[in-house]
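Presented sequentially are two complexes of chain A, the first with chain B as partner and the second with chain C.
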Partner chain A sequence: MIPRPKPQRFRLRRTMMFMNAQKPGLIKDAYIYGCDSIMLDLEDAVAENQKDSARFSLYHALKSIDYGDTEVIVRINGLDTPHWKEDVRVCVAGGADGIRIAKCESASDVKAVDAAVTDAEKEFGAEEGRTLLMAALESPKGIINAYEICTASERMFGVAISGGDFRKCMQTKFQADGIDLIAARGQMLIAARAAGIQCFDTVFTNLDDDEGFLAELKQNKAMGFDGKSLINPKQIRPVHELFAPTEKEVIQAERIISAYREQAAAGVGVFTLDGKMIDIAFIPGAERTLKLAKACGMYNGGLV
Partner chain B sequence: MTIEKSAVAGTLESSDAMVTVEPGENGVELDISSSVMNQYGRQIKQMVLETLNRLEVKSGKITVVDKGALDCTLKARVECAVYRSCGKSEKNISWGGTIR
Partner chain C sequence: MINAVKRDIPDYLLKNGKEVYQGKFYMDGKYVKKASPKTRIYEKPQESKLVRSIAEALRQCEAKDGMTFSFHHHLRNGDYVADMVMKAAVEELGLKDLVVAATSLGDANNLIADYIEQGKVVGIQTSGIRGKIGEVVSKGMLKTPAVIRSHGGRPRAIEAGEVHIDIAFVAAPTSDCVGNCRGTGGKSNCGSMGYAMTDAEYADKVVVITDTLVDFPNYPASVKAIDVDAVVVVDSIGDSGKIASAAARISKNPRDLMMAENVAKVIASTPYFKDGFSFQTGVGGPSLAANLFLEKYMDERHIKMGWAIGGICGPMVELLKKGKVKKVIDVQDFDIDAVNSINQTPGHFEMSASQYANPANKGAFVNKLDFVVLAALEIDTDFNVNVLTGSDGILRGAPGGHPDTAAGSKCCIIVTPLTRGRMATVCKHVVTVTTPGDCVDVLVTDYGIAVNPLRSDLIKNLDDAGIPHVSIEFLQEKAYSLVGTPDDLQWEDKVVAILEARDGTILDVVRQIKPFKI
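So, the complex of A and B:
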């Protein structure tokens, strides 16, 4: 038995790697790759006639494998299937950190899962509210309803777009410059930020196209994504490297926080540092930079 | 539980095990083959018997073809095969109770 600590609603989630919950060879050592979160998949990766078997496998993996600091999320089957309720039960019983709701289209989808999770937490004696939720938006309706989805539950920590299904709905295909998803990504990001939760981009499926992957990552970072869904361990490092702050940003963040705390202690709210105005509005950004830097091994100080 | 009909769970992929259960009258008949029989044969047998005991399977023919599965995988495959044989593998599983 490996009791996992209480999941944190807000933590670093640069990389979230999909793993087939049915394949023991994959899930037994998923954590060694060093991604921030793993996503054990009960949905598309598992054939329809193996859904039951995947749950048994998932339960024992959750109970016996020490995933350490890697967050463990489970993608459950869609709400239009007969599988999702049992998926929720096994996730909660096994102590997964969070659940990813596939094909989420409305606040009522989130609320249905939230209620099932609460029931399961009662049934299995887990702390109520422990299990986190995230939603995958895979359809135009999901994107339109992004804000109500993001704010539908206290358990929600993030939303992600699922490019494959969304492109199909929009009658388009993958475009190197991202024009196919630009509106959807933008709308989802705005909704997530307005709701104060995290936002993750879709997977990049061409594993041989390193250049294309990097270009998409750069766009993700520029748009303000927190992280990306991945399908292969080799994708982890580029994301961590690219999402890492520069040395200059780290030093700057450190100086802003130290100076702000000093000034605030002396009763000053706004001041200038290197010719730039600094007030409390700069602090969350600077703290985020330092937290990222800490996770990337670039910062060892005690400010965060 | 009583094994009502033949059922299979698992695959022959590396790190997995394929477990077949069939109805029988003469107690538990166990047939194990494994790619790591010399090193882990006894442990595999013990894990399978423990699991069957927990599920209160008193009789039946159990065939395990192991490809180097971890204990947790082996348990999952035996449990799933037995539950499938009774048509009870899909819902209302006693997670943390019978399954532990």
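So, the complex of A and C:
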């Protein structure tokens, strides 16, 4: 039995790697590749007549493997299937950190899963509220309702778009410049930021197109995404490298936080640094930069 | 007597000045006398050395009971020659009590395994032992213990006269009528013939067996007519599909790639990684993939590799063609790209196993190596490596150049997954020590990197580069926590194989395994 610490609602989630929960060879040590979160899939990767064996494999993995600092999320089957409630029970019984709600379209979808999770937490004696939720928006309706989805539960830590299904609904195909998803990505990001939760981009499926992957990552970063869903370990390093702050940003963040704490201790709330006004509004951003720098091995100090 | 790697070597093996392993560099600086080879006088004008059959060549060379025949594995699993010769010796000439001295033995030599069982072959000297031969020797069916030497240790023993070869049989992709041989130009090409060279120089008699007779002179020759007694032409010397693999491709397995990337990171963190550095890597998944990541670091730092040695395959030839490595010198070519490149691509040369790895010469290439990247079946917490015996105690591997390159190089990196199926690769005690731990510097696994505490300089290099590393004990404990603690193997007293260190001292012995019972 590997007890996992209480999941943190807000933590670094640059990379979420999908893998089939039914494949012990994949899930036994997926954490060695260094992604921030792993996403054990009970949904599309698992054939309809294998759902129970996948749950069995998932439960034993959660109970016997030490995933360390890597967050463990499970993608459950959609609410239009007969599987999702049993999926939720397995996640909670096994002690997964969070659940990804597939094909989420409304606040009531989130609330339904939230209620099922609460029931399961009671059933298995887990701390109530421990299990986190995120939603995958896969349809135009999901995107339209993004804000109510993001704010539907205290368990919600983020939303992600699922490009494949969404493109089908929109009668479009993958475009290298991202024009196919630009509106949906934008609306989802605005909703997530308004709700104060994280936002993740969809998978990039052509593993041989390194250039295309990098171009999409650059756009993701420019738009303000927190991270990306991945399908192969080789995609992890490019994301971590691209999402890493620059040396200059790290130094600046360090100076802002040090100076702010110094000034605050002396009773000063607003001051200038290098000719720029600094107040408490700058602190969360600077702290986020340092946390990111720490995860990237660029910062070893004690400010965060 | 307990030796320097804590192995108990039976006293009865320590006769005629034989010593147990005393640690690396024990013999360094010592002068030794070479055995003088035998030749014959040829004064008359010479037409041809062709003889009609292998049996006739054996008769002409006065083959008799108790002789030592040598073979070479440059045709690898596609080799027909060793079995053809042994068949003629045993079935046609009725010889017995024979000793096979090979550079490696494996799946291509099942007939020799039968002759061991029949008592016709009573001794084996080799650098690799796989397949059925490994199994029959492990069962104790060979009359005398097999002697296993590294690729460098074997020519050392031959040149010292510790191994006396009565007749060397050289499989030649092409030969002329007097025995100038090359590894290319025929129908069973292998590229380098480096393993056969020392044998041809030191054997009393040399028989060349080819399937492609070419005009005299077949030049530049790998084995030269000056050492050859007879040439036999046969229909086929080997199965070309098994001699050289199709072009080696770099692994796409994410685990291999991650380990390979870490190997390159470690290399790039050391002071030896500078313009003109030298390098050898294996052909296993993560070892070969290290090429890919190393190239990236070379480009970043604007440096080139000075030279590479080894068994060579396509990806290294690519680097040569791109001008990123200046010279490639090899004893063996693993794939079709390397076979087609040797002596063709400018800068790609052949060398003998002695030149490659023999500690008893004055300029072995391994002693000039900066980095070697090697695999392992097992590695223990003293960094001792086993590449010879399986976890079941059966002989199924090859020291090859492992101990030579590990000892000679400045930085020896072992790369292996932490577990293979239910087996812990990183363990408390390896079954057999084939490469002593004091020659091994860094271990890269999928669960972390460990540096030999003897190398505090490398530990500092890794720390300065921000490369995380752990103790090897941590890795061993992690492995056991994943797959469980293995039970000890159960051995009989009988020694079935003696493992010589490259300097000729005894590094370890392999005993007969007791049949497994639940």
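By our rule, the second predicted complex is superposed on the first by the 304 of 304 C-alpha atoms of A that agree within 3 Å, B and C clash if a C-alpha of one lies under 4 Å from a C-alpha of the other, contacts with A are read in each partner's own complex, and residues count from 1 in each chain.
Going forward, contacts are C-beta pairs under 8 Å (C-beta built on N, C-alpha and C of every residue); 3 or more make two chains touch, one makes a residue touch a chain.
In this text the structure is predicted, and so the values were computed from the model without any measurement.
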Fit or clash - chain C, chain B, common chain A: fit
Which superposed partner A:132 touches (first chain B, second chain C, both, neither): neither
Touched chain A residues, chain B compared with chain C: B
Which superposed partner A:85 touches (first chain B, second chain C, both, neither): first
Touched partner set for A:232, first chain B, second chain C, both or neither: second
Inter-chain angle, chain B to chain C through the CA centre of chain A, in degrees rounded to a multiple of 10: 60
Touched partner set for A:33, first chain B, second chain C, both or neither: second
Which superposed partner A:63 touches (first chain B, second chain C, both, neither): first
First (chain B), second (chain C), both or neither touched by A:297: second
Per-pair minimum CA distance [chain C against chain B, superposed on A] in Å: 5
Residue numbers on chain A that touch chain B, as the complex places them: 23-25, 28, 51-53, 55-57, 59-61, 63-65, 82, 85-86, 89-90, 93-94, 124
Parts of chain C lying in touch with chain A, wherever the complex brings them together: 254-255, 257-258, 446-447, 466, 482
Contacting residues of chain A [partner chain C, same complex]: 29, 32-33, 232-234, 297
Footprint of chain A on chain B - complex, ascending: 9-10, 13-16, 69-73, 75-77, 79-80, 83-84, 89-93, 95-96, 99-100
